[in-house]
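These notes open a run of structures that come right after.
Both complexes shown next keep chain A, but they swap its partner, so chain B is in the first and chain C is in the second.
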Partner chain A sequence: MDDFLELTVSAMASGCIYGLMALAYLIVLRPTSIINFAIGEWSATGAFVGVGMLSTLAWPRFEGPYILAIVAVVVVLGLLGWAVERLTVRPLIRRGAAVTSPILALLGVLVIFRESLTLIYGADPLPSPPPFGFKRIEIGAFAGASQQFFIIAVTLSLFALVWLFFERTVWGRAFEAVALNRRAAALMGINLGRVTALAFAGGAAVAGLAGLLMSPMTSAHYMMGLPLAIQGFTALVIGGVGRVEGALLGGLILAFVEQLGARYLPIPSGLTLAFPFALLILFLLLRPTGLIAPREAR
Partner chain B sequence: MTTAPLIKVEGLTKRFGGLVAVEDLSFDVESGEILALIGPNGAGKTTTFNLIAGVLVPSAGHIALDGQRIDGMPVHRIAGLGMMRTFQHNMPFAGMSLTANVLIGSHRKLRASVLDILAGRSFVRDEETQARQRAGELIDFVGLNAYRGADVTTLSFGEGRLLEIARALAGSPRVILLDEPAAGLTTAEISRLSAMIRRIAADGVSVLLVEHDMHFLLPLAHRVVVLNFGRKIAEGGSRDIVRDPAVKEAYLGEAAGALREGAPDA
Partner chain C sequence: MARTRFASALAFATGFLLSAAGAYAQDVIKIGVITDRVGSGKFYAEPVTRGIELGAKMINEKGGVLGKKIQLIIEDDQNKPDVSAAKARKLVDDGVIVIMSNTGSPATQQAQTVSLETKTPHLTPANSADTLTTQLDNPWFFQTGPLASIQLATLMTYTKSRGFKKVAIVRDNSALSQSFAESFRKGLDGVGIETAVEEVIPQGTTSAVANLQKVRAAKVDAILQAGILGPEMLQFFRAYQQLGMKEPILGSYNLSIPAYLTMAKDLMEGVVFVDAYDETKPEAKAFRDIYVKEYKEEPSSLPAYGWDGIHLVAQAIEKAGSLDKEKVRAAIAATTGFSGAIGAKGSSWGFRNGGRSGFDPQGAVVRLIKNNQHGPVVHSGQK
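Here is the complex of A and B:
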């Protein structure tokens, strides 16, 4: 039983990371219909920016407090996401390109980010200090590493904030309006270009935070984005592309299936890597709208 | 009322390839005036609307709102200057509640940016409260109070039309463009709509209408512009318009009868 409860904490933490990645896809996808696979690389970038702030990597003789790393990741990644939209997506949309063109351009952006990271930080993994050290924490019957509880707390707060933004502010509703009917939204005075730029900035910031939160477990590494991008995409497909809460639900389901499967199913551990793909295929075949259906668009 | 017209359309022309949809059209709309655009099918009414709202770019001529040229501006900027519209076929944001739909209409009035929201600036909350309160008042005004929280897809066509009007008003427009607002409405709904449009205009908002229903339109409009094959063939008060020989000719047959019937009593 203890074993199961510890597994629960671990799966919750992984699920939160997957959920954040799914959210990063969702924020961009919903108003723009663009699937942005570069978010995996953006999460790696977030990890490096955070580690840079926390260690003497970027600043000789300066080790910032953790909150500074979080702020730096949100600001730097937000600006990067905004710049990428300006430089690659907007010129294509202006010229009337099909929606597949920005998706392909963003795959190019992915390569640029990955190679830039190796040029700047090298190919070796950089250790990322967790904010509360390597302590074990017990809350009731649940026990786990402090970082796992930190991930869960930050993710839940972030999801609450994003949910409040989309559901409770006029600006958030403007994003949803653009998703539902672009033409009518523009005629209501909503600037579609600004919504797109903000979506990219927001998606990049969320992906960057996911990378920073993940990095104490895997180290900051230039290849860390690829599995996150795949797991986040799977979580998105499971949860549904319509709602914020779906992203979190999808992430948690994926993580629990992965970890419980690896622990209790009599299969070689190498095969557990296939779980996200198996789930992805299953959902695409059986329930392509995901568990939480989007609002109906016309 | 200002002396200069709120909307000034001059020499407006739109060609689609070889087809001239609107040709050398000029008219003004004053603040608080109800101006109707009428004409047989294909006369260029909806094209004119789309040109004014910025959905189409004119081939020639210009359009000014309060002295500022708006032709060629992106749609959202024109809306941002206070030109709101409803659609011939309702275009609600399906899946959202009635209140949320109306709130979206108030987007142009927002002072808060997304950064202000993230920074938790205090005026953001006040602005949200105000927008919500105003949305409630507008839903009251169009008489949809019972459906406040309802999903808009459950509304009838007529109710959807009223929602569109409330959504357009939420932006505190200076001009409101109504594309066939009476189409598909019951007689009772139409008379409520007339009263509503009069009150909107009385508040100083210019109302520009495209409409086929003469019973509804002629008593309502302060002035009528008649189009035929993209050209203005007459302009004036409802009573003068129905006696105009050029208009009678354009509306030969049944439609001419409809024109006479709908005329207000002398």
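Here is the complex of A and C:
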């Protein structure tokens, strides 16, 4: 039982990271219908920006407060996401390019980001200091590392904020309106370009934050983006592309399947790599809309 | 008239430049170094290259070899076998008389096709794959790095001496880690130690808690860490700490790469790993003092491989008394009793009985990680 409760904390923390990656996909996908696979590299960029702030190459003896790193990641990644939309996606949409063109262009962006990271920071993984150390914390019967509890707390807070944004603000309603019907939303006076730019900025900021939160567990390294992109996409498919809460649910399900499977199934542990792909295929075949249906289908 | 004068001046200038270049070429001994500056082998290749650079500098300060300065020509193969062969050819075209390969064993293996064809002496000071001198019958190639089999046997002797009966192996899913784990399994079988569980931490995983829980449940006496990938290794140590585990951890020689100490800072205290460097050995002490003076930091074992390698090459050229490649090759092949910074106390290198792998079977050691540093030797050799 102790093992199960320990594993629950670990799976929740991993699930929160997957959920954040799924949310980053969703924020871009809902109003634009663009699947942005570059978010994996955005998460890696977030990790490097955060580590840069905390134990920066410019001031090697300075360890800044963690909130500074979070703010820096949100601002820098938000700006990068905005710039990517302006420089790659918007020109293609203006020229009436096929719907797959922005997706392909963003795959190019993925490569540019990855190579830039290796050029700027090198190929060596960088250690990322956790904000509250890495000691074991026990809350009742649940035990985990302080970083895992920190990931869970930050993720739940962020999901609450994003949910409030979509459900309670005019801007959130504008996002939803564009998602439901772009043309009708434009006729209602919603600025499609601004919504798209904001979607990319928001998606990049969320992905960057996921990378920063993950980095104390794995270090910041230029190859960290791809697995997170796969896990986030799987979580998105499981939870459904329509609702914010679906992203979190999908992330948690994926992480619990992975970690409980690795612990209790009588299979070689290396096979856990196949879990996201198996779930992805299963959901695409049996429930392509995911567990939580989008608004228009309700 | 003016045109004739100009032509004469041009001919004179060309002749002068050519003779100057010729004189310059004769004044230096060109040694080629293949390193990895950007790829997956950078971790270990660059420190080894640093040791070669320091060694060459010291040799040159003492007057060089045969009265000539050593000039290193360094090429980057990104740890890719095909690139490594191309770089080896470029080095030969540049006129090097010896090639030193510092990147991964597969890259070095491929570069051998060039040293064999061009009859160029070729040395790897740090590669450990046992097959480097057996897969290709290349009399021009020599290996002074500690063979994987010697390191494994040393680690197994240590494991046995600690009285461990049942152990776990933890690895990642890289090819090299898989190969380490397989060697561990065979080695453990050989000394009668049971491998109770083997756990794989796959690349890209976000938690190793489930893996380490299985290890904890197996109630093993020790854990053999066969991982290669830094991020997954970090997950292992994080989960180990988080679960409050106390089982001793024994690592492969991969843990002698100093980057892990930074990445997993404060997490590796008490871990033992196999290495080929004893900092209390007089030659190692001498090397360490020079290294610290030059770079203002403590060396790991890796630069010492390069340091020894370039000294061995310099000694062979001196002994050959010429820059003739065949004579240099013969001098390297005749090396015995070479005592450098690498190797346990009392061990020495030599290419005995026509062999081309020169590391002393008793030269590997087991070291303890202490205060985030590679610490003292706790076991030496295979006895």
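The rule we apply is simple: the second predicted complex is superposed on the first by the 291 of 298 C-alpha atoms of A that agree within 3 Å, B and C clash if a C-alpha of one lies under 4 Å from a C-alpha of the other, contacts with A are read in each partner's own complex, and residues count from 1 in each chain.
To be clear about the criterion, a residue touches a chain if its C-beta (ideal position, glycine included) is under 8 Å from a C-beta of that chain, and two chains touch if they have at least 3 such contacts.
Treat the numbers as computed from the prediction; the structure is a model and nothing was measured.
Contact with chain C, but none with chain B, is seen for A:L226 once the two complexes are overlaid on the shared chain.
Contact with chain B, but none with chain C, is seen for A:T169 once the two complexes are overlaid on the shared chain.
When the shared chain is aligned, no partner comes close enough to touch A:T8: not chain B, not chain C. Of the two partner chains, chain C is the only one that A:L273 touches; chain B does not reach it. In the superposed pair of complexes, A:S101 makes contact with neither chain B nor chain C. More residues of chain A are in touch with C than with the other of chain B and chain C.
Look at A:L198: by the touch rule set out above, it reaches chain B but stays clear of chain C. By the document's definition of touching, neither partner reaches A:S116: not chain B, not chain C.
In the overlay built on the shared chain, the residue A:A262 is in contact with chain C alone; chain B does not reach it.
Those residues of chain C that touch chain A in the shared complex are 38-40, 42-43, 173, 199-207, 209-211, 213-214, 217, 230-232, 234-235, 238, 241-244, 259, 262-265. Listing the residues of chain A that touch chain B in their complex gives 165, 168-171, 173-174, 176-177, 180-181, 183-192, 198, 294-298. Residues of chain B that touch chain A in their complex: 53, 55, 74-77, 79-80, 84-85, 87, 91, 93-96, 100, 103-108, 110, 112-114, 117, 124, 127-128, 131, 153, 167, 171. Per the touch definition, chain A reaches chain C in the complex via residues 3, 6-7, 10-11, 13-14, 17-18, 118, 122-125, 127, 134, 136, 144-145, 214, 217-219, 221, 223-224, 226-228, 230-231, 255, 258-260, 262-263, 268-270, 272-273.
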